[in-house]
Amino acid sequence: MDGAVPLFRMEGISKRYGGVRALEKAELSVTSGSIHAILGENGAGKSTLIKVMAGVVAPDEGRMMLDGSEVSFASPAAANQAGIVCIFQELSLVPELSVADNIVISDPPKRFGMIDRKAQRRIAEEALARAGAADIHPLALVKDLPLSRRQMVEIAKALARKPRILILDEATSALTAADVAKIFGVLKRLRSEGLALLYISHRMNEIAELADQCTVYRNGRNVASYAAGSKSDNEVVELMIGREYSHIFPPKPVRAPATAAPVLEARKLSWTDRLDNISLSVDAGEVVGLGGLDGQGQRELLLAFFGVLRGLSGQIFIDGKLVTIASPAKARGDRIGMALIPEDRKTEGLMLPMTVRENLSFAALDRLSRAGIIDRAAEQRLIDDMVGLLAIKTAGLDIPVGALSGGNQQKVVIAKWLMRQPRIILLNDPTRGIDVGTKQELYQLMRKLADQGAAILFYSTDYDELIGCCDRVLVLYDGAVKRELVGAEITERALIASALNIHGEEMPVGQGADA
Amino acid sequence: MSETTIGGIAGRMPKFIRRADPAVLTAFACIVLLLFVGSLYSRSFLSPEYLLQQLKVASFLGVIATGMMLVILLGQIDLSVPWSVAAGAMMACAAAAYGPVGMALAIPFGIFCGVLIGVVNGIGVAYLRIPSMIITLATNAVAQGLMVVYTGGFSPQDSATPAMRYLATGFAIPGVPNAVVIWALIGAAMVFVLTRTGFGRTVYGIGNRERAAYLSGIDTRRVVLIAFAVSGGLSAFGGVLLAGYASKAAQSMGDAYLLPSIAAVVLGGTSILGGRGSYLGTVAGVILITLLQSILSVMQMPEAGRQIIYGVVIVAMLLLYGRAPASR
Amino acid sequence: MKDWRYWLAEQRGTLLAFGIFIVMFTIYTSNHPAGFTANVVQTASNKGVLLAFVAMAQTLVVITAGIDLSVGMIFLLTNCLASWLVIGTGIETAFGVVAVLGTGLLCGAINGAIVIYGRLQPIVTTIATGAVYFGIALLLRPFPGGSVNEDLADALTGRLFGVVPASLVALLAVVLLVWVPFSRSVLGRAAYAAGSSEMAAYMSGVPIRRGKFIAYALAGLLAAIGGLFLTFFTYTGEAAYASGNAYTLFSIAAVVLGGVSLFGGKGSAIGAIFGALAFRTIGDLLFVFDFDPLWQPLFQGVILLIAVSLGAFALFRVRNRLEWFL
Amino acid sequence: EAEIVKGPSAEPDCFAPWAADTQFFKFPKKEGPYRIALANGYIANTWRIQMVQTAKAYAAQPEVAAKLKEFKVVSTGEDVPAQISAINNFIDSGYDAIVVNAQNPTAFGPVIKRAKEAGVVLVAFDNILDTKDAINVNVDQKGLGELWANWLIKHIPNGGKILEVRGVAGTSVDTDRHNGIHEVLDASGKKWEVTEVIGKWDDGVAQKASADAIATNGPFDGVTGQGGDTGIVQAMIDAKHPFVPFGGETENGFRKFCAKFAADGLKCSSAGTGPAQVAVAIKTAIAALEGQVVPQAVKLPLAIVEDPNLKEGEDYFPDQSDNFFVGNSFPTCGINFTAQEIMGQSKENQ
C-alpha cells in the first residue's frame, strides 16, 4: 500500500463547533481498489471528517488533494461532480419523493429540458438491482419504506451516481444480516472495479470481513493506520477508546424460576397484518430479546405494549392484572411503569434543538413538579445522578442535545427514561450507531437494571448483542413468534436459522459466505 | 479561554441580560432607534404621555400576541384572531345587557366565547390533525358568520361596561394605565408558565418534535388543545380590553390585529416553526410594531408610503437579527 | 403491474379535490334557475379562474414548505399596473402584458431572494413584502380607475365557439406552459425536494436554492397572471386591501382543499386549481339555496369548516398513532 | 332597453335628479309582480347589516310586497369579481331588477353592458357605479366633506389646526369627502394646518390614530372625521383634549357625545345618509319596472343635524347602541324606518 499514489488525501484538517474540536489536524489517504475502514468511538470525528470530504462541512483549515491536485468543495454537489459520493446515515433521502426520484436526484436524465421519467425509472431499476434491492418498487414513496429499505435505496442511489470514491457512514447500522450480506457482495465487486471505498461502522465483525486498510480516530485526530487483520480486536478497541478493554458483555446470572406473576405478559396479541397472535411474558429481572429479520413485527410489538397502536386485539397483563394501554402517557404511569427507548433517537427520542437538561427531564416532568410547577432543585439532583450514572459526555447541561455525538445522544434518551425508574423497559435497537465502549456500558446498565428488578424487552438487529445480553430470545417471523431460545440455545446459528424460518442444519455458517 | 474573557464583562451584567437572546436585545435596540428617528421629526415622541399611551395601545396587541406566541411555539398559527377579538368584545358587551348579573359576567363571558373558538381550533388541530392555518381560517369564517347573525337579529347591545372601561383606561396605579398592568400580569404569567411549569416545557417540546413528545408519554393533543383555547381566550380578552378602550364593541375591531400579532411574535425572535422563542422578545416585537405604526401615522405619511416603509422596516430589522443560521 | 396504484396514491389529493368540486358544482348547476348553461359556466369559470391562478401561485411556494402571504398583494399590484399599461394598440398592449408579468415575476423573485438568501422565515417576509406591494399598488391607483384593452379583455373572459369559457382555456394554457414544465424540470424537483426535506436535498447535491427561488419567482408570475385577469374581468385597477388579503387567505384554503401539504413537498397545482374552483362554488351555493342574507356568511363558514375537515376522515384509518405526527 | 326621456320624473320629491343635466330613463313597462335581487358585497359591519335588514323590512311592507314575486339578497364579501359574478348570475336567472352596493365603482362595465342587453334594471346605491347606463342612487359624498369644512370655518373663523380622520384609503368615498373638505378649506383663504390620519371608518382604528395625533401634533382647533367618530371623541376625552368643533358622521355614539358635551365646546355637525338608502334604491327599481320616468342619478337628501338642534329620542338614542347610523329615514320617499325598528326586528317578533 505504501507505494501506491493515493487517490485522495486530506492533510491537517481541523474543524471546530464552538468550543468543540471535532477534528484536529486529521489526516486520511484513500487508494483506489481498496476498502478503507474508519474506526473510532462516538464523537471521535468520523462523520465530521467525511462531511468535510463530501462538501457538506467547510473545514477551518487543512487541504484536500484529489489525484494529486488540491481541491475544495463548496457543496455536496461539487463533491459529487468530483466523483465523491457519500451515504449519510439517514439524512439524504427526500421522504415525499419516490424511490426513483431519489435515486436520480442529483442528476436526473432529461429530454427536451424536462425530466425523462422512463429513463429515470430504468436507471432506478438498474441501481436497485445492483444494490440487491430489486424488491423495492421504484414508484414507492421513500417515506412509506421502513428504515432498512431506505438504507438500501441510499446505497442504490449512491451506485447510480457512478462514484470514484464511495463513502458509507454507518450505512449498515439499520440493516439485517441478510441485507448486509448483499451489500457486502456489492461493495466487494465495486472494489474489484477499482473504486475507493470508505467504510464507517461500529460493528467489528463487518470491518474484519470487509476492510483492507483501517484508520482509527480519537478526539478528532487519527491515532493509527494499519492494514486490516494486523491487529487483534482488543488492540483496535483499545486504540479507539484509549484505554484497556475487556469483556464486552456482563455475565448472565443464573436465574431461579420465577414465582410471582410475570411483570409483563401478552396473550394473543394481533394487529393488522403485522402482529399475529403473539404471546409472551417477561419476568422481573429478566432480559428478553426479540430477534428475527428486520421488519418482522418487532417494532410494532414494542409500540403495541407502549399504547401507540390502535385496534389491537388480545390481552396485556401487568403483574398478572389485565390492563388496557391506550397511550404512552398511560404506559409510563405509575400503575404500569413502562419505558420505551424508541427506534430513531433524532425524531422519536429527542428534541434536538432543546438543551440536554430539558431533554433529560422531559419524560419525568410530572414527577418533578408540584401543581404543575417544576421543582428545579429536584430536577437538578436527578439529572446529576443520571449524567453520572450513564457517564454522559457533554459540554454542559444547557447546550442543545443535538450537539452531542450519536452515542451520547442515545445515552440521554435512556437516561431520560431511567429518571422515571421504570419497571418495564422496552428497547428498540438501542445500540444503533454506538461505539463499542458505549455499547459495553449499555449492556452493563441493562443487566444492572434487570438485577434491580426491571423486566426488559430488547430488540436488536445485532445478533451478537442478543446472544451476549439476553436470558431468552423470541424470534419473530412475519409477525408471529417462530421460536423461543433459552440460555445456551441462543447461538448465532440458531438465531439466523429461525430468523429465516429454516432449520439450523441447512444454514451455512457465516453471513458473508458469498465472498 | 472564552470563559474568562466573556466572564469578565458578563459577570457584571444582570443575569437576565446575560442569558437573553441576541435577537431580543437587537429588537430592543431597534425600539430605541425608532424612537430616536421619531424624535428627529418631533420632540413629542419622547414625551412621557406619548410613550405611556403607546404602551397602553401596545398592551392590546400584547395580550393578543401572547396567545399567538403560545400557538406559534407549538409550530402552529392562529388565523382566527380577527373574529375571536371581535367575538370577545361583542359578546362581553352583549352579556352586559342582561342586568347586573350580565354586567358582572360580561368579561368572563367574552373570554369564554374566545375560549370556545379556541377549543374548536384545538380540536381541529390536535384531534383531527387539520393544519392550523386552515382550520383557524375556517373557524374565523364561522365566528364572523355567527356575529353577523347575532348583530342582525338581536338589537345588539355594544356599549362597554364600566368595568371594561376601567380595565382598559383606568388607573389603579397612578400614572400607569391599567391596560399596561394587565399586559404585565399576563406577560408575567406567560413567562412563568413557559419557563417554570411542565406545561411550558411541553409546549417547547411539541414545537420541536411532537412525535418525541408523544413517545415521552405526554398527552400532546391535550396540550395543543389547551394552547389554542388560551390563544382564543387571550384574543377575546384583547377584544374586551379594546372594547373598553373604545367604550364599545364593533365587528371589525379584530381585523387590524392578525398580521401585526404574527409579525410581533416573529420580530421578537420566536421561530415560526415552533419550539424556540422567549416572551421578552414578543414584548419587544409588540412595542416595535406599535411604535412603528404610530410614528408612521403621525408623520402624516400617506397610506401608500406608510405601507411601504412598514414592510421595508420589518424586513430590514429581520435581516439585522432574525436570520436563520447558515447551513454550513 | 401495480404502477397505477402508486399513481393513484400520488394523485389522491388532486382526485379528492376534483371530486369535491364536481359534487358541489353539480349541486349548484342542478339547482340554478338557469341550469347548466354556457352563461352559468362562463360566469363560474371567470370567477373561479382568478382564484385558481392565485392558488397555483400559492402552491408553488407551499411546495417548498414556505408560504406566500403576499400573493394577494402581488395580484392587486399587477391589477393596478395592468390598468395603466395594458391598453392601446396591439403592440402597446403586448408590451403592457409583458411588463405586468415581469413585475409579478420580480415581486416573486424579491420574496424568494429575501427568504432564501436573506434566510428569513417566509411568513413574516411575505407579510412585510405584501405591505410594500400594496403600498405601491396604492401609489398606482389611489382610487379605483384605469382601463384595459377591452377587445382583449372580452376575448379572454368570453367564450370560444360559443360554449367553452375562454378563461378556462387560458388556465389550461398556463398549466401547460408554466406548471407542467416546472414540475417536470430539475429545478421543480429541487423545489419539491427542498420542501420535503431541505437537509436531505442539500446533502444529495440538489440545487435547492435555485429550485426554491424559481418557485417563488414563478409564484409571482402566476399571481400576476391572476392580476391581469382581474383587470380583464373588471376593466379597472383597484388597490383594495381587504380584497388582496381575502385572495391570500382563500388561496391557502384552496391549496389545502386541493391536497397540497402545507408542510411542503407534496401536492400539485392541478389539485390546487380544483381546490380553488371548489372553494368558489361554496359562495355560489348561496344562489341556489334560499338563505336569510344574514345567515349566508355563517353558511359559507360552516361549509368551509366541513370541507377542510373532510381530510380528517383518513385519520380513522390510522392504526399506528405515530402516523399522526407526519 | 330604456329610452332616454325628458324629465321630470315620477315622484320628483323622492327621485330628485342629481344635477340639472341629469338624464331620465323610461324603461318599458313590465307586468308585476317582480323578481328583484340585492347584490351586496361586504356584510360584516353594522352599516351593512342595518342596510340588509332595512332592505328586507322594506320588501316586506305590504304595499311593496304586493309588487314583488321574489326578493333575494346575496352578500359576496370584499371580492369584486364575486360580486360581478353574482350580478351575472342574477341576470342569467331572469331577475327583473338588481340593486347593488358596488365594491368598486369602475369595475362593473361588462356587467352593465350585459344587464342593458338583457333588459334588466340595474340600480346602484351607496358605493355607486361610474356609468351613465345604470341608475345611481347617490349620496353627495363631496358635498358632505364641504359641509363639514364649512362647519369648521364657521366655528374657527381665523383658521387653525385641524385633525382630519380619513376613511379607507383607495376608496372613492374617502377621496371625495377628503377633496370636498380641502377644496372648501383652501377656498376660505384662511390658514389651516391639517393633520391627516387614517381611521378606516372604524372606531378602534380612528381612536388610536387620533390619540397618537393628539399626543404628538395636538392640540387641535377643530376635528373632522369620516367615520369612527365615536372613537375620535373618546380619544379626545382620554387625552383630556379640549372639546372643539367637529364635523362628522351620523353614528348614534357620536351624537350622544355631541349632545352631552355640546356645552363644553363639542359643537357638532353630524351628517350623512343612513343605510335606508337601499329602500330608495329598491323603490327606484320598482318605479323603473313599472315604466315610470326616473332620473339616471338620484340625489339623496342628507340627514343633517347640527349643534343646537340635537334632539334626544329623535336624532340620537341614549339607551341604544353606539354603532348604528341614526339617519335612517327618507320622508320624501315615504321611507320612515327607525334604526331601532330595523336592528331589533327579530327580538320584537319573538
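A, B, C and D are the chain letters, set down in written order, and residue numbers restart from 1 in every chain.
Just so we're on the same page, a residue touches a chain if its C-beta (ideal position, glycine included) is under 8 Å from a C-beta of that chain, and two chains touch if they have at least 3 such contacts.
None of the values given here were measured: they were computed from a predicted structure.
Enquirer: By raw count of C-beta pairs in contact, what's the busiest chain pair here?
Expert: B-C
Enquirer: Measuring between mean CA coordinates, which chain is farthest from chain A?
Expert: If we average the C-alpha coordinates per chain, D ends up farthest from chain A.
Enquirer: Nearest whole angstrom, what separates the Cα centre of chain C from the Cα centre of chain D?
Expert: Computed from C-alpha means, the inter-chain centre distance equals 35 Å.
Enquirer: Indicate the whole-number Å distance between the mean C-alpha point of chain A and the mean C-alpha point of chain D.
Expert: Chain centres of chain A and chain D, defined by C-alpha means, are spaced 72 Å apart.
Enquirer: Centre to centre, by mean C-alpha position, how many angstrom separate chain B and chain C?
Expert: 30
Enquirer: Taking each chain's centre as its mean C-alpha position, how far apart are chain A and chain C in Å?
Expert: 44
Enquirer: Quick check: what residues of chain B touch more than one other chain, meaning two or more?
Expert: 144, 148, 151-153, 211, 214-215, 303-304, in rising order.
Enquirer: What are the residue numbers in chain A that touch two or more other chains?
Expert: 56, 308, 327, 348
Enquirer: Using the touch rule from the top of the page, what residues of chain D touch 2 or more other chains?
Expert: In chain D, residues 43-44, 49, 52-53, 169-170 touch at least two other chains, as defined above.
Enquirer: Which two-chain combinations touch?
Expert: After working through each pair, the chains in contact turn out to be A-B, A-C, B-C, B-D, C-D.
Enquirer: Within the complex, which stretch of chain A touches chain C?
Expert: Chain A residues touching chain C: 54, 56, 75-80, 86, 88, 91-98, 101-102, 105-106, 108, 110, 113-115, 117, 137, 139-141, 157, 271-272, 300, 303, 308-311, 327, 348.
Enquirer: Can you check the complex and tell me which residues of chain B touch chain A?
Expert: Touching chain A: residues 2, 196-199, 201-202, 204-205, 208-209, 211-219, 275-276, 328 of chain B.
Enquirer: Touching chain D in the complex: which residues of chain C?
Expert: 32-34, 37, 39-40, 43-44, 46-47, 50, 138, 141-146, 150, 153-154, 157, 230, 233-236, 238-243, 246-247, 280, 283-284, 286-287, 290, 293-294, 296-297
Enquirer: Please name which positions on chain C make contact with chain B in the complex.
Expert: 67, 69, 114, 118-121, 123-125, 127-136, 138-139, 142, 202, 249, 252-253, 256, 262-263, 294-302, 304-305, 308-309, 311-312, 315, 321-322, 324-326
Enquirer: If we count contacts the way the header does, which residues on chain C are in touch with chain A in the complex?
Expert: Within the complex, chain C touches chain A at residues 2-3, 6-7, 9-10, 181, 184-186, 189, 192-193, 195-197, 199-207, 261, 264-266, 318-322.
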